[in-house]
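Quick one: structure below, then a few questions.
Labels for the chains are A, B, C, D, E, F, G, H, I, J, K and L, by order of writing; each one numbers its residues from 1.
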Amino acid sequence: MSDHVYKKVELVGSSKTSIEDAIETALAKAHKSLKHIDWFEVQETRGHVVDGKVGHYQVVLKVGFRLE
Amino acid sequence: MSDHVYKKVELVGSSKTSIEDAIETALAKAHKSLKHIDWFEVQETRGHVVDGKVGHYQVVLKVGFRLE
Amino acid sequence: MSDHVYKKVELVGSSKTSIEDAIETALAKAHKSLKHIDWFEVQETRGHVVDGKVGHYQVVLKVGFRLE
Amino acid sequence: MSDHVYKKVELVGSSKTSIEDAIETALAKAHKSLKHIDWFEVQETRGHVVDGKVGHYQVVLKVGFRLE
Amino acid sequence: MSDHVYKKVELVGSSKTSIEDAIETALAKAHKSLKHIDWFEVQETRGHVVDGKVGHYQVVLKVGFRLE
Amino acid sequence: MSDHVYKKVELVGSSKTSIEDAIETALAKAHKSLKHIDWFEVQETRGHVVDGKVGHYQVVLKVGFRLE
Amino acid sequence: MSDHVYKKVELVGSSKTSIEDAIETALAKAHKSLKHIDWFEVQETRGHVVDGKVGHYQVVLKVGFRLE
Amino acid sequence: MSDHVYKKVELVGSSKTSIEDAIETALAKAHKSLKHIDWFEVQETRGHVVDGKVGHYQVVLKVGFRLE
Amino acid sequence: MSDHVYKKVELVGSSKTSIEDAIETALAKAHKSLKHIDWFEVQETRGHVVDGKVGHYQVVLKVGFRLE
Amino acid sequence: MSDHVYKKVELVGSSKTSIEDAIETALAKAHKSLKHIDWFEVQETRGHVVDGKVGHYQVVLKVGFRLE
Amino acid sequence: MSDHVYKKVELVGSSKTSIEDAIETALAKAHKSLKHIDWFEVQETRGHVVDGKVGHYQVVLKVGFRLE
Amino acid sequence: MSDHVYKKVELVGSSKTSIEDAIETALAKAHKSLKHIDWFEVQETRGHVVDGKVGHYQVVLKVGFRLE
C-alpha cells in the first residue's frame, strides 16, 4: 500500500433481514460506481420499527477504496 | 414530523442466538407499554461468555417513540 | 464479584459468514489460553471487501476474564 | 440542591422555523407531564430537507428535572 | 439474563460529603419507585463550589433495572 | 427505505446572520448538484470573529441523500 | 499564520433570546480583555428552564486568539 | 445567570488520600487567585503508583467562575 | 523516561466500600505479577446494586508499567 | 468566507518515511482532481509493521476545499 | 507531585516544516510567560494547504505547568 | 485473514527526536517478545517539556499481532 491513496465515503445500507444484509446492500450499490473497494467500517447501527418489530435495519458505514 | 415530540428510552435486550434477536427482544418488550415506537439506535453490543462461547448477546439500544 | 479482579484484553476475530461468528472465533481462540472468561464488549465492526461483497467480517472486541 | 435527586429524559423537538423553536417545542411538551424542569442539554441538531431547504429542524435534547 | 429486558434511566445524585454518597443518594431515590435495580454506571462527576470548597458533589449516573 | 442506499457528504456552510442560515447556505449549494437530499446532521458550529463580534458562522454538517 | 501561536480559552455565554446571542455575549466579554480574537468553536449548548420555557441559553465555546 | 459570562480553566489537583481531597486541593489553589468560582467538572481521574499502592491521586478538573 | 517503553493493561477492581478501595484492589492484584507499575488511569466507574444500595463498586482502570 | 460552501472528503495517505510525508501524498493525489483545497485535519495515524519496524505510515485525514 | 496543583492551557502552534516543529513553536511561546512547564498533550493535528502541499501545520496542544 | 485472530496491546514509546522515532522505539521493544506484529494505531501523542523544549515525545499506540 506504500504509495497508494485511499478514499472513504459514508453510506447507509438497509435491509429487512439482518445487519449483515444491510452492509451487503450498501457495498453492492457502491460497487456499481467505485472500483477497488477494499474495506468497510461500521459507524452506526439503527433501524425503523413497525408494530414493535424491526421494519428494516439501517447500517451507516464507511467504505474505503483505492484511488487510481 | 413537524410538530411532533419524540422521546428516547434506553433498553438492553438479550438473546442466545443473535444480535438481531436481542434487538427484537427489547422492541417486543417496549411495544407492550409504548405506542408509536418509530426507530432504534444501537449503543453497545456485548454479551456473557460461557465455556468460551457466547452465552447470550446483550444489545443496549435507544428506542424512539412519538409522544401523543 | 466483591473481591475479584478482572482483566480485559482486546482481540480481533474474523469470519466469512457473520458478525456473530467473528465474535465466536475470537472467543474460541481466547478460551484456549484464558480461564474464567466472563464477558465481551464489541469495540468496532469492520471487514474486507472482495468484488463488492463482504470477504470477511472483522470484529474488534474486549474480552473480560477473572484473574485467579 | 444538596439533597435533591434529578432525572434526565431524552426528547426530540422539531420546528419549521429555528433550532430555538425546536427546543421550546420539546420543553412545552415535557412541561405537560413533568414538574420542576430545571435545565436542558442539546445532544444533536439535525433536520429533514425538502427541495433543498430545511423542512424542519430536529433537536435531540436531555431535559433535567427534580424528583419530588 | 437470557430473556430479560433491562431499562436504563439517567439520574443525578448529590451529596455534601463524597462521590460515593452522591451515588447512594440517587440509588436510594430510585429504589423508592423502581424494583429490580441491578447496576449503575457513572457518567459525569461534578459539583458546586462555595468559598473555594466543594459545596456538594453531583454525580450523573445511569441506573439499570430489569423490566418485569 | 427498505432497499435504498443513502450517501452522506460533509459540507461547511457559512452565514453572517445565523446558524440556521449557514445550514441553508450549505443545503442550497448541495441542492444544485445532488438530487434526493433527505436530511442533515450538524457536526460542528464555529465561526470567525471580527472586532469582538461574529463575522460569520460556519456550520459543518453531513447531508444525506438517496442514491438512485 | 505560519509563525503565530494561538491560545484557546473556554467561556460560557448566556442569553434570554437565542443561541447566537449567547455566543455574542461571550465574545463581547472576551473582547474587553483579549486582542486578536480570531475564531470560536461551540462546545455545548444548554440552558435553564423556567415554567416550561427556555429561561436563558448557555453556550459553552472556545475562543481562539493570537498571542503577540 | 442571564447576562453573566463564565470562564472555565483546567486544573490538576493531587492528594495522597482520596479523589475528593484531590479535588479540594485544586479548588483551594484556584480560590487564591480567582473570585466567584461556581462549579467544577471532573475530566479524568488517574494517579501514580508506588509499591503497588496509590502514591497519590491526580484529578483533572475544569473549574468554572464568573467573569466580572 | 527517554528510552523506556511502557505497557498499559486494563483491569477491573471491585470493593464494597469505595471507589478508592476498588482501585487499590486492582493495583494490589497487578502488583503480584507486574514489576515497575507506575501509574493508573480510571476508565469507567460502575457497580452492582443490592436492595437500593451499592453492593460493590467496579472501577475499570488502565495500569501502566515499564517494560524491562 | 462569508458566502462560500466547503466540502470535506476523507482520504488515507501512506508513506514509508514519515507522518508528514503521508499527509503530502494524500494532498498531492487530491490536488489532481480538486481545485481550491484549503485545509486538512488528521483523523487517525496508524501503519503497517514489517519485521518490527514501520513498513509504512497511514494517515487518515479530512481535506476541505471550496465548492465553486 | 503530592501537594502540587497544575494548570493546563490550550495552544495552537504552527510550522511550515513538521508537526514536531509546530509543537516546539507553541512551547517556546508558552515558555516566555509560564514557568514550570512540565508536559504537553496533542489534541488535534491539522494544517493549511497551498497548491496541493502543506502550507503550514497547525497543532493544537494542551500545555501543563505547575502553579506556584 | 479469514480464520485468524489478532490481539492488540497498548504500549507507550518515547524518543528525544521525533514522533516517528517514539513509534519505532515501542515497536522494537514489542518485536522482542511478540511474533507476527502486523499494524499499529496511534492513540495519543504527548511529551515532557524541559526548559521550554520537548524533552521527549511519548506516543501511546496499540500494536496488533496475529495469534498463532
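We take it that a contact is a pair of C-beta atoms (placed from the backbone, for glycine too) under 8 Å apart; a residue touches a chain by one contact, two chains touch by 3 or more.
The model shown is predicted, which means the values in this text are computed figures rather than measured ones.
Listed by label, the chains that touch chain B and also chain D are E.
Fewest steps needed to get from chain B to chain I, stepping only to touching chains, is 2. Fewest steps needed to get from chain E to chain K, stepping only to touching chains, is 2. More than half of the contact pairs at B-D come back, by residue number, in B-E, the repeat among A-C, D-G or B-E.
Distances between chain centres, each the mean of the C-alpha atoms, put G farthest from chain C.
Superposition on CA atoms relates chain G and chain L by a rotation of 120 degrees, given as a multiple of 5.
Relative to the C-alpha centre of chain F, the farthest chain centre belongs to I. Rounded to a whole number, the gap between the C-alpha centres of chain A and chain K is 38 angstrom. A separation of 22 Å divides the Cα centre of chain J from that of chain L. For chain C, the set of residues that touch two or more other chains comprises 9, 19, 30, 48.
Chain pairs that touch one another are A-B, A-C, A-F, A-J, B-C, B-D, B-E, C-I, C-L, D-E, D-F, D-G, E-H, E-I, F-G, F-J, G-H, G-K, H-I, H-K, I-L, J-K, J-L, K-L. Chain contact summary for the complex, chain L toward chain K: residues 18-19, 44-49, 51-54, 57. Of all residues in chain J, only 1-9, 62, 64, 67 touch chain F in the complex they form.
By the touch criterion given at the top, residues 19-20, 23-24, 27-28, 30-31, 37-42, 63 of chain G touch chain F in their complex. Listed in rising order, the residues of chain C touching chain L in the complex are 9-16, 25-26, 29-30, 48, 55-56, 58, 60.
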